[in-house]
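One chain, subunit A, links the two complexes that follow: it is found with subunit B in the first and with subunit C in the second.
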Partner chain A sequence: MNNRNKKNKVLTIAYLFPTALILLVFIIAPIIYTFYLSFFNWNLIAPTKDFVGLENYLSIFTDPVNRKIILNTVFYILLLLVLNFLVPYFISIIVKFFISKMQTAYKIIFFIPSLFSLVVGAMLFSWIMNPVSGPVAFFMRNLGLTLPNWTNSGAMAVVVICLITNWKVFGYNFVLLLTGLGSVPQNIIDATKMDSIPKWRMIWDIVFPLNKSIAFYVLILTIVQGLQYVFTPISVITQGGPYYGSSNALYHTYLNAFVLYKTGNASALAIVTFVIFLVLLYLEIKFVEGRTSRYE
Partner chain B sequence: MKGERADMNKLKESGWHFLLIVICLVLLLPVLFMISNSFKTLQDSYHSMLQIIPAHPTLNNYLTLDKQISLLRIIWNTFFMATIVTIGKIVTGLLSAYAFKYFSFKGKKLIYFAFISTIFVPFTVVMIPNFLVISKLNLLNTALGVALPQLCDATGIMLFLKAMDKIPNSLIESVRIDDIPAYKILKDIVVPILRPNIISIGAIFFINSWNEYVWPTLILKDKNSFTLPLALQNYISSEGGTNFPLAMALSTIMIIVPLLIYLIFQRYILNSISSSGLK
Partner chain C sequence: MKFLTLFKRAVGVVVLMMVAVLFAGCSSGKAASKKVVHISYWHVNAQTQGGASVDALVKKFNKTHKYIKVTAKYNPNMYQGLMQNLQSAQASGKVPDVVQVGWAYMNYFADNFKYLTPTDAQSKFDGSKTFISKNFTTRTLSFAKDSKGKLVGLPYSLSTPVLYYNKTMLDKYGIKASSLSTWEGVSAAAKKIKEASGNYGLYIQEPADTWAQQALQLSNGAKIKENGKAAFASAAGVKAYQFYQDMVVKDKTALHTPWAQGVDDFVNGKVAIAYTTVAQASHIKQSANFDVEAITSPHFKGHKATVPVGGSMLAITAQSTEKQKAAWTFEKYLYKNSSLVTWSKGTGYLPPTQSALSSKEFKSYLSENPMLKPAASQIKTAVAWTSFPKNGLQAEQAMIDARDKILSGSNVQETLKSTQEKINEQQK
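Moving on to the complex of A and B:
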């Protein structure tokens, strides 16, 4: 018996080892090292690092550029929530409860852009929205209007960048949310039909509460994944410009680390982003109970 | 009265279908125009940009691409990198899912939680140390350097675990009593049963890796080591001087592989995505 236990222990370790090793070397240890770097001024190359205490963290809240970055990040989050969460949620409700055929066809088609790289998306939108030679500008010219050069305005650039990620994740989030709606028991839906309760009441009072956990999961995913997704179009189209107008916490971290070689500032910003994501993780566990606790 | 109501409902439903079809067009028309414009001359692409069938179809954009960059090499790099990542994620994912499902050990809940939490780690918090490690290992400009930090995937573990739920516990128990070693159970029973899941999860891994941009830009600086997304990025100018037919030709090459995979495994892929959201 004892022998068998020992054997089991060895087996368990052997099976978990590859994953644990990769996660340890490339995720856990790097988090600790980034935390360490956030207390130093360094340029990624120099043999010595200067200890500066909390200076890098303080500059996140005092430096005007950093303040702009934080505000932009909030703007991104709000826009992502509307475009990549509320819109697909609305459409999934339409497909589930308001039409009676072609559900699968819509699912298959909506998902297609999720297969493509965001670099392709960025290229496509910089063509569609090109102020000189793009189709949108072409139509507007015919109506006597001009498309403003949106890359010159931070706010407009942010909107276009979010639209690019929306093009990519709309179908993905739609599929997730539609699946969630599918788990609302059919007999409840039928019962409300018999009692001729209006559809919107049924959705508000029954579907939303029952679908809370998956909806919240997609909401958190929209923020966590969305902020990482917008990095690609920012990097391809605007490089954060004009004057940091379309940058956000993640792109600014990259800029500090690999363009300006201000490793300390980059690390502090990365840690702050990480803490925000941890708060979201905590909320997810709290609201979406059972997701992570099923293997006791 | 009743007939009127039914007509009203039908009308409403048509309205919704109209909206949904518009969404389909918004999502897909850009891709269609992209493919069509990649076969046009620069002039035609400007003057008749919305003509789906090119007036003077030409392969020139593709030939120019082939002259300007080592296209075959770049496609191979992308394929090679995505293959390593996919195999790595499948192997590590199956092994750890098996351990979580069939072994009992101390701290299982905590370890599972730690694994899954890595989904919430933003890439910015690991990119500096990982870049330093990869460059210390002399793996800059190599596919292995891109692949190494990504050889496991928490979402994959979650999906494999869910898939294992469909294997009857009694089946695994009965062979375990016969003292058949775990790796044999995994290889001869679990893997064959999970075959469709492994294919679809693998397809998702492969497509994601094929499209990956952020981490490769840090590691691959030499043009000969580029993957497709990096090569495409080089054709997009932020100043507005992009040669769109060329960029569209490269994009078209780039979307063929994910599109083919989706065409073949569409049902399985959508099922896996669906199950990733369920408890």
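Moving on to the complex of A and C:
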């Protein structure tokens, strides 16, 4: 028995080793190096790095631009949560429990945009939503309305950029959630029907708790991946403008690192973003996962 | 069992050796006496932006030069992308041999990379040592000099901003093109168009640099940099920006929008006049379904029109002498009149040498494309694109931020002043 245990241990390590190595080389080591760089001023290639201590971190919290970026990031997260998580969840519930026909058709239709490159999408929307000469502006003018010049307002630019990522992400999240709903055991749903329990109570008390793990996964995906996805339309359409109004932590990190070559500031911002994500994940796991285990 | 493995290994080794001999045989066939030098050329020209002419030029060079083999590599995301790739190349120790460097990156390049100046290349490899002075004017060479006055590379592609106008629209409202030679005239025309049609009168390009805005300030007698310090918040500089802000914010006769959208609005006939680079000429010509013409940059009344030059230079980053020599030979080929005209036709940039500009081939190309004429005539009076010696990229970003703020309505004088102070602070 003891021998077998030992063998199991060796095998476990052997099986985990390749993945662990890849994680170490491509994820963990760069994070540690980024942390190291965040204490220096360096332009990526100069032979010397100037040690500046915590200055880069202080600038994140004192520089008004950085504060604006952090607020924008929060705004992006809230908006993405609504657009890419709550709305698809709502619609997948409607499709699953209230519309019985054409489920596959909806799946396919909603899924198609997620096959397109986001660069293509961003360029397309930049043309479609052009407030002066785009088709949307044209139709609105015919209806006696005007499309505001959204590229000149940070808040409106953020909304449009979120809508573009929504176009891309919606279908994927929708299919994931719908699949999750499909795995709720049919006999339980049938039982609620027998007991003539209202549908909304069945959804609230049975479907939501049972579908929690998928929903949790999509939620995390929305936050973490969403902030990465908005990078592309920001880069293609606004470059973070007007005056950083549509920039977020990720784009600003990129701007500092690879446009201005201020690796120190960029690394500090990346580390702060990393910590924020860690906290978010911890909160999600604590609250959402905690509740799941109570149901089990 | 053991014997079998040994045998297998032996067979493997023999096969490997045979393959090696075979390949070695391939490369040593013709050039047994002289070795072929391989060099790589990094450019930013996508297939739609002259990439095809880069390929054609390289192909022709390889055909006519037996002992040099050039490989062209396209770098996405323009000069910024190329600079990023060059950094990783430098880090890995495998640098390209000839690279295109955008003007905005000149000081950064000169400070951080190892390169061979054209002057050194000429004295090292040429017999006559007159190539540079014979082909380039002092003015053109000044574009490629860093803050210490050292020639970093040779000017390769030149561009200047020109004023495009929708002739159909201007004719309809009785506006003469000759009135657009001053910014005051442009503003009056824009007002007339706004009142009559509701369309915008003017769009000035807003990419991730302030090139066109600098032209605006320079053409009011302002200086961007004086004695190594930022000086654009002078009275003349403020006045030029105030004029621009009034058109955008107060009169709403000028459009404030990202570059791609602004040009789209112009070619869709929603903006009457566009002030943007000559490199947009072929795109505008192809996309507009109205009569479009171009004239030289306007100036403010009482001042001369002055434009900063855009584009790039060629720099030699090759490290070994034989590669440097090959790179220099390749550069000299690229500066031949026929090569430059091919290049110009493919990209819309203007040729950097005097003899190419006045060559018959280029002149006939100009008469087919009259929109390039104003840009070519401006080259003679253009100035170098302002490049700050320290933290130049951050200085450019500060100027972009100032533009963003001003066009959103913040106080012109205060914004320019604080930006100028910020840049000068970074110069210390």
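Just so we're on the same page, the second predicted complex is superposed on the first by the 256 of 296 C-alpha atoms of A that agree within 3 Å, B and C clash if a C-alpha of one lies under 4 Å from a C-alpha of the other, contacts with A are read in each partner's own complex, and residues count from 1 in each chain.
The criterion applied here is as follows: a contact is a pair of C-beta atoms (placed from the backbone, for glycine too) under 8 Å apart; a residue touches a chain by one contact, two chains touch by 3 or more.
All values derive from a computational prediction rather than experimental measurement.
Bringing the complexes onto one copy of subunit A puts subunit B in a clash with subunit C.
Look at A:L118: by the touch rule set out above, it reaches subunit B but stays clear of subunit C.
In the overlay built on the shared chain, the residue A:I45 is in contact with subunit C alone; subunit B does not reach it. By the touch criterion stated above, A:S126 is placed in contact with subunit B and with subunit C alike.
More residues of subunit A are touched by B (comparison of subunit B with subunit C). Judged by the touch definition given at the top, the superposed model places A:K262 against subunit C, while subunit B stays out of reach. Of the two partner chains, subunit B and subunit C are each touched by A:I237.
With both structures placed on the common chain, the touch criterion links A:Y217 to subunit B but leaves subunit C unconnected. Of 27-35, 261-269, 369-377 or 405-413, the segment of subunit C running into subunit B after the two structures are fitted on chain A is 261-269. Shared contact residues on subunit A (touching subunit B in one structure, subunit C in the other): 44, 126-127, 130-133, 151, 237-239, 258. Residues 8-9, 11-12, 15-16, 18-20, 22-23, 25-27, 29-31, 33-34, 37, 44, 91, 94-95, 98-100, 102, 106-113, 115-120, 122-128, 130-133, 135, 138, 151, 167, 170-172, 175-180, 183, 213-214, 217-218, 224, 227-228, 231-232, 235-239, 249-250, 253-254, 257-258, 263, 266-267, 269-271, 273-274, 277-278, 280-281, 288, 290-296 of subunit A touch subunit B in their complex. Note for the complex: subunit C touches subunit A at residues 80, 84, 87, 90-91, 108, 112-113, 200, 208, 255-258, 260-261, 264-265, 268-271, 393-394, 397, 401, 404-405, 407-408.
By the touch criterion stated above, subunit B contacts subunit A in their complex at residues 12-13, 16-17, 19-20, 23-24, 27-28, 30-31, 33-34, 46, 49-50, 91-93, 95-96, 98-101, 103-105, 108-109, 111-133, 148-152, 157, 161, 182, 207, 210-214, 217-218, 228-229, 232-233, 235-236, 238, 240, 242, 244, 247-248, 251, 254-255, 258-259, 261-262, 266, 270, 273-279.
Listed in rising order, the residues of subunit A touching subunit C in the complex are 43-46, 126-127, 130-134, 149, 151-152, 237-239, 241-244, 255, 258-262.
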